[in-house]
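Sharing a structure below in structure tokens format, with a few things to ask.
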Amino acid sequence: MIRFFLGKILWLIPTLIGITIVAFGFVRVLPGDPVLLMAGERGLSPERYAELTHQLGFDRPIWVQYGEFLWRVLHGDLGNSLVTHRPVLHEFLTLFPATLELAFCAMFLAIVIGVPVGVIAAIKRGSWFDQVSMTTALVGYSMPIFWWGLLLIILFSGVLHWTPVSGRISLMYYFPNGTNFMIWDAIASGQKGALSSALSHLILPSIVLATIPLAVIARQTRSAMLEVLGEDYVRTARAKGMPPRRVIGIHALRNAMIPVVTTIGLQVGMLMAGAILTETIFSWPGIGKWMVDSISRRDYPSVQGGLLMIAVIVMVVNLIVDLLYGLINPRIRHR
Amino acid sequence: MTIRSMLLACSAAVMLTAGAAGAKTLVYCSEASPEGFDPAPYTAGTTFDASSHPVYDQLVEFKPGTTEIEPGLAEKWDVSADGLTYTFHLRPGVKFHSVDGFTPTRDFNADDVIFSFDRQADPKNAYYQYAPGISYEYYNAMDMPKIVKSVEKVDDLTVKFTLTEPNAPFLADMAMDFASILSKEYADKLASEDRKADINNVPVGTGPFEFVAYQKDAVIRYKANPDYFKGKTPVDDLIFAITPDPAVRMQKLQAGECQIMPYPAPADIAALKADKNLTVEEQPGLNVAYLAYNTKQAPFDNVNVRKALNMAINKQAIIEAVFQGAGQVAKNPIPPTMWSYNKDIKDDAYDPAEAKKMLDAAGVKDLTMNIWAMPVQRPYMPNARRTAELMQSDLAKVGVTANIVSYEWGEYLKKSKDPARDGAVILGWTGDNGDPDNFLGVLLSCAGAESGANRAFWCDKDFENLITKAKQSSDMAERTKLYEQAQVVFKEQAPWDTLAHSTVFMPMSKKVTGYVMSPLGGHDFYGVDIQE
Amino acid sequence: MADTTLTPGTRRAQLAEFWFYFSENRGAVIALVVFALILFAAIAAPLLAGHGPDVQFRDTLLAKPMTGNAHGHFWLGTDAIGRDILSRLLFGARYSLFVGFFVVVLALSVGVILGLLAGWFGGWIDTVIMRVMDVILAFPSLLLALVFVAILGPGLINAMIAIAIVYQPHFARLTRAAVLGERSKDYVMAAQVAGAGNMRLMFRTVLPNCLAPLIVQGTMSFSNAILDVAALGFLGMGAQPPTPEWGTMLSEAREFILRAWWVVTFPGLAILITVLAINLMGDGLRDALDPKLKRS
């Protein structure tokens, strides 16, 4: 068991090294000289240019820069943003709660709706519910979510005025020393109306971000359920006269959940990609929007650090899913 | 309509419950996040709006709505007869803000002034590079290391600046954002606690607003400084709601979520003007967009060719199609809000027939040229590619084939500086301090032709003499006359086609009073009030 | 899937069987028709469109759908600079379909070659290739594509290349797994004993037998590529204006979302319908090709 876990973790090391090379290398080959961009129309004298390039370390050999990068990363230092001059890790951690809150909410919606819909669709296979829900799921799966978000804004913010257009909470609420998890802060502050304000800001982005995972989970749950329902032991249990509710509850559902858990894990990477678009549409101050901004501003260290952090997070989540999978499904371990 | 009014009622109710105690709050929907709260290392207006304008003061300041200089932290100043020494007499009794972990024990004095400049000039100063990557680009860009010889303390309330040569724009430079005065006491405290970088996170100044908090990419909060030396500002709280999308800013303004916003989308201006609850103020921006010919390259070294091309390009069409009306045709290299702008200059009229004749007369046939168009949107130029496309079709009408070239922005700036550059380049400039030298000296001097900042590589003796004399004189009337003459020379020689000055719009709620637009493009909320 | 020699007769029989299962899926057949229509619209765009995609009618800015004037009829309205939206959408179909096709071909060919190499030779070749694929897959695809485009410079071709790079590990993994499965089978052994070279074995013998999962993955990538290129366009990193690419159109339309719903609605709808049709076809394909799910 422990060997299985250790093996899994060791296996990640080459990938991790690869990730650092990619994060570092990409950013080096990005066209555009950040020093020149900093100066804009005002320009720089050649001496000043050389001085700044040296200051930022861009004039040293590439492998030296990589070595330093790696060394600093191992010490938890991702460098400083070229734009704000603040530590990249600090910027990442300030914005990460916003993305995490959004992703959590989206995943919650996707699971709470997706799994039951998938199960019911499988049990009532061929019914109108099955057909409608699966068609809807396919539409959701095909959805350009950046457009979907705009449509929701037009309807709920523009026409109905039910939800705010952007932001995380009404400006009237302010939580000094907050955790930046707005829902949590709103509850902890005890201010009247704070929670509902935070929720009303969160709802549309969550729906948008949940759309594709929800569709995938519903479809996956249905097909996993169908497969399990066709297995011998379920048929046996049924033939023995076990009430259908128990058959589904005890045998089928538990076994069907194994592939579903994997699917959910795989959605984490998708969720990050979705966050880039969702956060851009709703001006949500999180990691996705920060990455897009950093790329367009050629903020090398931020792009580099962000790529690294995101890849590591995705990897860790996948690892956890893998391990969970090993726990639920003992067959895997001995392969 | 009913839904709309219900919403208004709702938001009003929310404001009433939340804004207890009747504190007045002004909400500004700003267009982007500030890079930091120390103005000196940055050059972006967005950053100054959030740092130097609300929080800090300078020795001298721009009189609201103008580019004229008035006393700030210095009550008065003397300039020596040779123009080399500036002595500032500081205002007594000015208090710095208190923030978490810092309460000032003394009033503002000469040490703060020395510190604020010394850290930018002296590599040995502890704050010369207080965080990795910090460098004082504006200080360098304004040539301060060359101009300023020394800054000395005469007594607690007197500071003496010695210059290397007479430099009339120097006083205006002292009103710029990089010249903001920071608290030395605060800086020392941060240094002793080994958290110098916090000077960029939690600013302490003497300005009309005290910094309260910043939620990255979302909200900045300030409160009124009750001890401000010009008197407390009417509102109690100032909030910047960072809203990058212009359509969203507009919606928030219309819904009453904020009272004032910058940079509306040009397409929305008509709708904003039509809104009964809003007023839209407008002003020409302190900028110019131009097409600079390479005057060292044939046939553009011939003034008649340059003039002919200028006459072939329909600038009014550019204003309509690219600026969508939010701009005006430029005839001079400096914007009309700037002093010494020469109103009497006559622009070369759009006349393709005459242009063709002039080209023929100059012996230019089947000319093929490059037009450089930058890849990014700038305050003075919403869309350079579209501008270039319009020029392309205009020039085709006089038999000139134009190819549009473009590079990534950093490359563009660099390559366009090369004297061997092939073709004319679209570029522009936004003023820093309201002094004409900031345009004419930077963009059109012989030194600029050497360094490349003068993208036309145009070095004209008459012009050079005029602007040098104007720079060294401290007599305003004389300077004005010299700059007016310089503009005449410029127009005769036509190193550029002056394209446009953009117009800046500022929509705000009718309840907002006392807001004055700055010709320098910054947004300043001192003295702004909200009528209930 | 038991028979392995591909004589013309069995191929026809396979095709018939395939069509039988595919046509059972009503949605897939409808999708096929819709897709054919979109394809037709793309090819015949110059004939169908009432106006040029870049023609600006400066006196009819943001005209509502179903309005017309002296210039003609604007079925879906005009955009901010007076261009006919329907005409732009028709021409845009070319870009989207081309993008999907190009990305799949590129990702498929590179991925299949890498997967074949990895699966067939094993050893360090396998390790290196698959590690590199792992690294690519560790990044969210859209983010990686964004960085690639930032390196290559914004533009439609670069966006397509970026997305193809990000997609090919899926093909490589699938091919490798299939090759590993097929390698030890009798027919491969037999061919090897008969003296067939590596190349011939890989491409002529093994590859055709791994086609089913690749085709399914291919259709999925086709629709995802259209979505992702549109997303890049929306973020300003894909096709550049005035290209009538759907995502780019949406990005240009964003500032009008609260004033001119049609500018925003139709390009997105076009993307949705196209992607949905392809995904429905993909479902049908999978049902028809995958024997395991066939009868469920």
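The letters A, B and C name the chains in turn, as written, and every chain counts its residues from 1.
Please note the rule applied: a residue touches a chain if its C-beta (ideal position, glycine included) is under 8 Å from a C-beta of that chain, and two chains touch if they have at least 3 such contacts.
Every value quoted in this text rests on a predicted model; they were computed, and no experiment measured them.
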item	value
Farthest chain (mean CA position) relative to subunit A	B
Pair joined by more contacting C-beta pairs (B-C or A-C)	A-C
Centrality ranking, top chain (CA atoms only)	A
Subunit A and subunit B, separation of their C-alpha mean positions in angstrom	39
Cα-centroid distance, subunit B relative to subunit C, in whole angstrom	47
Centroid distance [mean C-alpha coordinates] between subunit C and subunit A, Å	24
Contacts with 2+ other chains: residues of subunit C	153, 254, 257-258
Touching two or more other chains - residue numbers and ranges from subunit B	245, 251, 408
Multi-partner residues of subunit A (each touching 2 or more other chains)	31, 158
Subunit C residues within the subunit B interface of the complex	80, 153, 254-259
Subunit A partner contacts - residues on subunit B that touch it in the complex	3-4, 6-7, 14-15, 17-19, 27, 35-36, 41, 43, 129, 131-135, 137, 140-141, 197, 200-201, 213, 215-219, 221, 239, 241-245, 248, 251-252, 255, 257, 378, 408-411, 413-414, 417, 427-430, 451-453
Residue ranges of subunit C touching subunit A (in the complex, touch as defined)	27, 131-132, 134-143, 146-148, 150-151, 153, 223, 227, 230-231, 234-236, 247, 250, 254, 257-258, 261, 264-265, 267-268, 271-272, 275-276, 278-280, 283, 293, 296
Residue ranges of subunit B touching subunit C (in the complex, touch as defined)	245-247, 250-251, 265, 267-268, 271, 408
Complex contact set, residues of subunit A against subunit C	14-15, 18-19, 21-22, 26, 29-31, 135, 138-139, 141-144, 146-148, 150-151, 153-154, 158, 223, 226-227, 230, 269-270, 272-273, 276-277, 280, 291-292, 295-296, 303, 307, 310-311, 314-315
